[in-house]
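A, B, C, D, E, F, G, H, I and J are the chain letters, set down in written order, and residue numbers restart from 1 in every chain.
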């Protein structure tokens, strides 16, 4: 079964966030929109570019009332050092979650058994903890955070306007469609 | 387990393609790149906009040596009528696969049991029939085919250059990264 | 076990009926007689002739206080388009049920696994939701709705006259038989 | 699973036929068309009228190269006496099969467990022993053998002309349909 | 385990008795002595001679307060015709039970699976529904009802005189034995 | 399943016979007819009368080429002493089998679990080791050996004349019946 | 697990004792000491010598407040005859238990499956029904009852003096040992 | 199942014997008679008296071609120290087997689970490794080695004279019994 | 799962301690610190040197409020003799536990199945019965009790100072570390 | 079962070693002695002190022909950064193995499920890949590498001198013990 429209499973993890260690659980994801971004490992090559991309767009996510979470199977200790030593990662003002128990990578179905690391998975989650979009790449292919932002905005728009749908390549401000009997077979 | 880096399962289906009924199987996906696009149902609202978006970009996919497949749980009979009656769908020059047996929606994990319909799932598949990217939306949120094209190109580039990776927001022509011991902990 | 004299199983489906989408459930079949007619797929060859045959006899079914239901594994969206585009199907004033979940084709044991389509099955159902006659054809062989009408009338007559039975080739108005000890071995 | 398009299961039974006791097996059904007619019990009320109806149409079945078989769960001994004592049954020139082991009633799914008797089931079977039509009634509702003859003739016609189908209420000599891509959505 | 000294299992069957159809159950066997006689099939060869033998001795059974039951796997309809057409069977004034469900032949362990018919089994049953004697023959060997009467009388005598036993070849009126310590090893 | 027309199971037992201890097995029962008579226990009350009854008729059994076997769950040692001390048992010229292992009482389904003793069971067995008649009494009811002789003779006659059956109360020399189609429903 | 220091299992058996038949159960063994002696079969060779040996020492057992029980798998009927006819067995004033159900031989683990007989087992049991000594011989080796008496007396002495133990070859009246820390490693 | 007449199970153990450590296995028991004597623990109270009793009779066992083995669950190290420090145990010229793995105490069914120690079990074993007598005491009751010697001699005599049995209280040189048909019921 | 930070399992054993036999259970280990030391067997070679080593350091353990327990699979009887006869073992003022049931060697996972003996295992246990350190050697390698003392003191120090940890080669009195966010990645 | 004297299980892992990434498997541990040291996590508090302690003693291990391996559940990427940034860890000239798959922590039974981290476990392994000593601490208690060196030397000495054992607190050069019968019970 696809994870779309299912609840995030219960979890408990330690994160490095703005110079402190904090605990993050499934309750942390309730009450506001979240974007959860898995990546393979600290101190590697592509991951810092993706974190920097997220950091550069963080203002837009915050404007959309959304928290961003980075997850790897490293510890929160490694995340602190990574944050201190990497110019790119150092820009992150959002939590860097450590998942050495593999609880999160398994719950989101992005675990690579033979490596103990995560695939590049991105999940848009609504304030009820329900997953609305799933995106997973083989690890050599990085993401574009602006597309994640577009999906988030479409998810937020349709949540706010339950009788409308966002058509192909919809961006914030574009026209939407209101499904009706009359339109069946006419588009 | 995620479908990333697994083989497409064997299947057999009927499609409407350029005025004919053809048979499509897992063998049809071998030897060239494929993009497989699931959508809920013929004659509905958002699906035609997504097919039109794909049709408008079909030249770029063809230039990238890639076939596009649309899949719904309708029959190929419905797909012929849809193609004939919808101005948007009528632009499609790629196969419209009928999946009334639900074989494909289950194999790609996009089936909605309570409706008998597909989620909006997009899959980039390499010439060996191996899935490289997965993208699935709740049905009220449509896709942007230009992002699919970007992922395809990144998948093709890294397949051709196995010692390089495509960094965040990479578009065709952008610089890539070559992982090395020296870079560990330095980005 | 044969379905004869068993209850229709619970179900929920969408239908196109007289220009609207309606929900049909097992409760819809209670309180009056029903004839449920399965056929393979919208937009095909033989199915419209059978729907037209039913439409031409619909007055007689209505006179017998009976609703007619057409069922295929297509969606109700396809049924709307079919009704609008087919001269034969356009005559139907009874509900066209969509069964993309295969709930009904499986419950009435007319599902073809390898095709995801229905066999030509016809069922006469009494106001308690109990199946009184079953008729199923291989799909190349169409039905004659006048025989279904004859069966319905015999079922109604014997329901109203529990001490009588309808003999071979009985048509409405013909004489019936009243079983009794005296007749045993005498006919 | 429906019995349509499945093989008759192996069986062995004794029958009374033209003054003799004969053995009937699944091999007896191979090489020519067959109509197998189940009914509840010898010496009862409606069954003789159905046998008489079949007897009166036997010439047409013979002309169509088809054997008729009557089956009840009585013994062949009872069938001999029934044939001798019932004016209606006495007209039968086809085999009356005894099924006291319930092998046939179970194989054709017409057995009533609580009574040890058969439902009124009719089966048209092709020369390969494959079931093409199924018809089953609650026992208070008798059949019309002329409809069985119509189905048989449609089954024979489509077997002989595999690219044609018989439309609704087709009778021998009527026009048929040849399915083609062009006709999809046009009838 | 032998059936001796076990309770008759619950059952429900239809019988032909003195011109009427009656229902017989395990409750029918309570409160008086019963003799239950199974035989293969109506309208056969040996069975009528056994029924006639029972009929000729029926007065003695009635004098002993005992009902006689004949059972075959035929229907009660066949039993009525048998009674009307066979001079031997026509003498029977006791119930002829039909067992087309095979409930009784299986409960008394006299069912022949390959034929669907009963073995020649005879059972003497006391007013508590407990089986006191069992006698079963291969079907080519008929019974002598006078021996059944002798067993019945011995069963009744020992039921009435619990401290006595009936010795070999005891007939009504013969001396009995009263077991005692003194007799041990002395006879 | 009834034991009628089944093979005697393999066994090995010790018997007292004409002043000697002998071994009896299932092979001993092959090649001639046998009558196997179970009784509860040596040194009791009714058993000697039954053995005496058998002894008095032993000449007739021998004339019919038949051996008689008495079986109890006592040892062959007890049987020797019983033979020496009981005037009635002392007449026995046939084997007295000891069955302290309960192998025979269980194989012939006459074992009483709560007592470790046999029921009064009598079995006529043909030269192939196949059981043709079964007779079992509750232990307070003794047998009449003359009826056993009658059954044996009927079994032997029908074995020798496979197209004939012995009618009710048949005794050696009486007329038999030859089943034929013509007789069906006529007796 | 050894039977030593376990409870005798519940049982019910018939015995011959001083000219009467009595019932013996596990309750009979409570409240006084018991010696239970199994032997193979009545009327054999060695068993009478062992019963005679027990009878000659019965006064000593009675003086020790102990009952003696003989058990074989014969019936109590056989035991009566054995007592009457054997000069040796006739001396027995203690119960001769019949165990045709094999309940006791199995509970005391002395049953020989292939013979249905007991091994020569001897058990000393205390007034709580707890087994204190076990002695079992292959049947060709008889016992010496004086050793059983010695064991009984040692069991009784240690039961009465829980701080003492009876050393090797202890006989009534001999010195005993009182275990103490000081003696550890000193004897 | 009793251990009587079963093979000793395979085992391997270390023993202290005449100043050396030796290995003892089931093979050590083959080819001559053995007496295996279990006792609870080294350095305790009663065990030395039993070892001394065995040592005092060792000449008679040797004359009978028989080895004696003492077994406890202690180690062979403890047995060496016991032999050196105990005047009684020091007399032993036969092997003292250590069984800390509990292999032997479990194989001979003398293990006390709650203590990890052996019961007082004595076993006479023939040169084929077959157990002929079993004797087990609750641990407060010691044995008399002279009775073990008597049993051994009876076992040896009957092994040498298979047509004779040793009667009750037989001692070497006493008369034996030769079972025969004539003796049945006469002793 | 490692035993570290798990509760000691319930047990009951006998020990020799200061000239007396005492019972030791899991409750004995509660309320103060314990060191449990397993060794293979009494009267062997290396074990006395280890006991002597422990005895020489016993004052330090007592000063640390800690009891020492020696455990082997021998009995407490052997331990008394060992204590009396070995100059090294005689120095022990702490309990010598006998574990002939193997309850402790299995609970602490130091049992050698093929020998019935313990491995050289050492366990530091806190006053809640929780195991804090595990150390197990192949039996040819003895321990150094001073290292056990060092571990005990580190365990006690960290129990008393929950915000500090003892660094490598810490000995009583050395500096400790106080983990803090600031130290992460800085040592 | 303890891991002592068992083979290291097959594994495959990446390590940082002298500026390079290398692969380490169970084969890497064959042919020379190894010391495998688990610790919780990179960048923490106590682990660097333990690595430094090992580094300071590495010359002695090398002299003893022994490789040292550090293992945490971090990646080899983190180990490279740790080595570069920690003054203490930077001294390590031996491999730092990354175990993000938890294959090693589970195989050596030092995994903490609730944290995804290792316990402080130390293992001395011989050139056949067989574990000779196990030492595991709760994580707040660090180790003393000099004791590990002592164990290694004792393991090497006894491997080279199979008839000798190393007594308590043995250090290289100390006297050893040669077990013999004479020493039993004498130390």
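Here, contacts are C-beta pairs under 8 Å (C-beta built on N, C-alpha and C of every residue); 3 or more make two chains touch, one makes a residue touch a chain.
Model, not experiment: these values are computed from the prediction.
A.B. asks: Using the contact definition stated above, find the chains touching both chain B and chain I.
C.D. replies: A, J
A.B. asks: Taking only the C-alpha atoms, how many degrees of rotation bring chain B onto chain F, rounded to the nearest 5?
C.D. replies: 145
A.B. asks: So, what's the distance in Å between the C-alpha centres of chain F and chain C?
C.D. replies: Taking the mean C-alpha position of each chain, the two centres sit 65 Å apart.
A.B. asks: Any idea how many Å lie between the Cα centroids of chain A and chain C?
C.D. replies: Centres of chain A and chain C (C-alpha means) sit 51 Å apart.
A.B. asks: Return the distance between the CA-based centres of chain C and chain D, expressed in whole Å.
C.D. replies: The answer is 22 Å.
A.B. asks: Quick one: which residues in chain C touch 2 or more of the other chains?
C.D. replies: Where chain C meets two or more other chains at a single residue, that happens at 43-44, 77, 80-82, 85, 113, 184-185.
A.B. asks: Could you list each pair of chains that touch, in label order?
C.D. replies: Pairwise, the chains that meet the contact rule are A-B, A-C, A-I, A-J, B-C, B-D, B-J, C-D, C-E, D-E, D-F, E-F, E-G, F-G, F-H, G-H, G-I, H-I, H-J, I-J.
A.B. asks: Residues of chain F touching chain G in their complex?
C.D. replies: Touch residues, chain F against chain G: 41-44, 73-75, 77-78, 80-82, 85, 99-102, 113-117.
A.B. asks: Okay, in this complex, where on chain D does chain B touch?
C.D. replies: Those in contact with chain B are residues 181, 184-185.
A.B. asks: Help me check something: in the complex, which residues belonging to chain I touch chain G?
C.D. replies: Against chain G, chain I makes touches at 19-21, 77, 80-81, 84.
A.B. asks: Mind listing the chain E positions that touch chain F in their complex?
C.D. replies: That would be residues 1-2, 4-5, 43-46, 48-50, 52-53, 82, 85-88, 109-111, 113, 119, 121, 132-147, 150-151, 154-155, 158, 165-170, 177, 179, 183-187 of chain E.
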